[in-house]
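Shown next, in structure tokens, is the structure this report addresses.
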Amino acid sequence: MIVAKIVGNVVSTNKADRLTGKKLLVVQPVDMVSLEPDGKPLVSIDTVGSGVGEIVMVVGGSSARQTELTKDTPIDSAIVGVIDSIEIDGKETFHKR
Amino acid sequence: MIVAKIVGNVVSTNKADRLTGKKLLVVQPVDMVSLEPDGKPLVSIDTVGSGVGEIVMVVGGSSARQTELTKDTPIDSAIVGVIDSIEIDGKETFHKR
Amino acid sequence: MIVAKIVGNVVSTNKADRLTGKKLLVVQPVDMVSLEPDGKPLVSIDTVGSGVGEIVMVVGGSSARQTELTKDTPIDSAIVGVIDSIEIDGKETFHKR
Amino acid sequence: MIVAKIVGNVVSTNKADRLTGKKLLVVQPVDMVSLEPDGKPLVSIDTVGSGVGEIVMVVGGSSARQTELTKDTPIDSAIVGVIDSIEIDGKETFHKR
Amino acid sequence: MIVAKIVGNVVSTNKADRLTGKKLLVVQPVDMVSLEPDGKPLVSIDTVGSGVGEIVMVVGGSSARQTELTKDTPIDSAIVGVIDSIEIDGKETFHKR
């Protein structure tokens, strides 16, 4: 999984039936030490009630469909956790306020 | 999912049986802020009645097969939504005209 | 899917049982406008009777197994269409001779 | 699979139900000869009782779900082995102490 | 599939149950014309009795599980063929000795 920050959202009316009611968020992958943007943003489906500004864990590929909410849906990215803290090399690089 | 612009199409007569009747579009991934091209174009299957010039949401991998139209087909990219608007960092970066 | 040119083939006698009788072609991804090489070549399984020199559509990942010929086989790339023509931004960038 | 070093961990309280009780480790991919960092770190699920500082084998994609612990879970990366030694070109590049 | 040279192996005692008895080889992807290293090495499971020094065909992702030996195992890379010869643009770039 990757670590990303939720930075926005996408609105789509004309979409695949199975996407109805899903929250389409824009996630910006971040470096796990500096928390700075690192890589291209993605559209990801929220499965945990997360929102803009939060640091989250994002799963990709077929595994994005392994939640009750996303089963059998045409999505390849899902937010599966809000991150409380990250520790790298014995130092806390992130702690949710 | 990624955000892309539909820029063209591909014609193929001699193709896998299960691709018969599918609309083969060329999608150019775009930056979600500038909407400028960003990355290599792909051939993607339309599942929502989209057309050239539209900004769409594209799903990749096995999840591209998770729609009625694309089930069990040999495709790894599908257009699953026409985007109405994108908001990043509190600003609307795209709004469909 | 990506667009590629068939540039060669691979011979393998000692291979997985399920690959017996499969045609192992080398495909070179190409730019959809210039048709020039763009990216690394792959070994791909022909499913449509294609041959060296043709411009084809190549599918990757688990979807490469979604044809009669490739079902349950250990392959991650398959040629699923011979391309007749490509149109980008209203111009025909390729037309099969 | 890739070779990586476990460098930290992530804490997430609000996460997908099926992730409950899973150990979320941060793995840094390393070069197999120099053992120096090579590539971006990932959040990966431990399935073998591994810990910080160990050199491990990491599997990605749907295959990360092919263990008793990770079956049907929304994860795309799992630690599936602690590495004892690596031999490249006839030389041992790593030996666990 | 990609073409790679087997350059070494990995030893892991503490690993996922389903990996017991599997041969963990290190494969170095190579350019199909020059046969020079091109890309990062991977740990791959041998399914055809291959060994160090051989040029092989490597499959990735879920398809790596589509052999008798690798079914339901947590692996994302498998060696599925020993290559006898490669022909690109009408020239033989590799022939097994």
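First chain written, first letter: the chains are A, B, C, D and E, and each begins at residue 1.
One rule holds in what follows: a contact is a pair of C-beta atoms (placed from the backbone, for glycine too) under 8 Å apart; a residue touches a chain by one contact, two chains touch by 3 or more.
Just so it is clear, the model here is predicted, and its values are computed rather than measured.
Visitor: I'd like the angle of the rotation relating subunit C and subunit D after CA superposition, in degrees, nearest 5.
Guide: 145
Visitor: Where subunit A and subunit B touch, do the two copies share over half of their residue numbers, giving same, or under half, giving different?
Guide: Mostly different residues.
Visitor: Mind checking the centre-to-centre distance between subunit A and subunit C? Centres are C-alpha means, answer in whole Å.
Guide: A distance of 33 Å separates the two centres.
Visitor: Centroid of subunit D to centroid of subunit E, CA atoms only: how many Å?
Guide: That gives a centre separation of 20 Å.
Visitor: Identify all positions of subunit B at which a residue touches two or more other chains, and write them in rising order.
Guide: Those would be 61-62, 64-65.
Visitor: Linking chains that touch, what shape results: line, ring, star, complete or other?
Guide: Graph shape, chains as nodes and touching pairs as edges: a ring.
Visitor: Start at subunit A, step over to subunit D, and keep going round the ring; give me the chains in the order you meet them.
Guide: In ring order from subunit A, with subunit D immediately after, the list is A, D, E, C, B.
Visitor: Show me the residue ranges of subunit B that touch subunit C in the complex, using the header's touch definition.
Guide: By the definition above, subunit B touches subunit C via 7-19, 24, 26, 40-44, 61-62, 64-65, 72-77.
Visitor: Show which residues of subunit C lie in contact with subunit B when the two form their complex.
Guide: It comes out as residues 1-3, 32, 38-39, 47-50, 57, 59-68, 70, 78, 80-90, 93.
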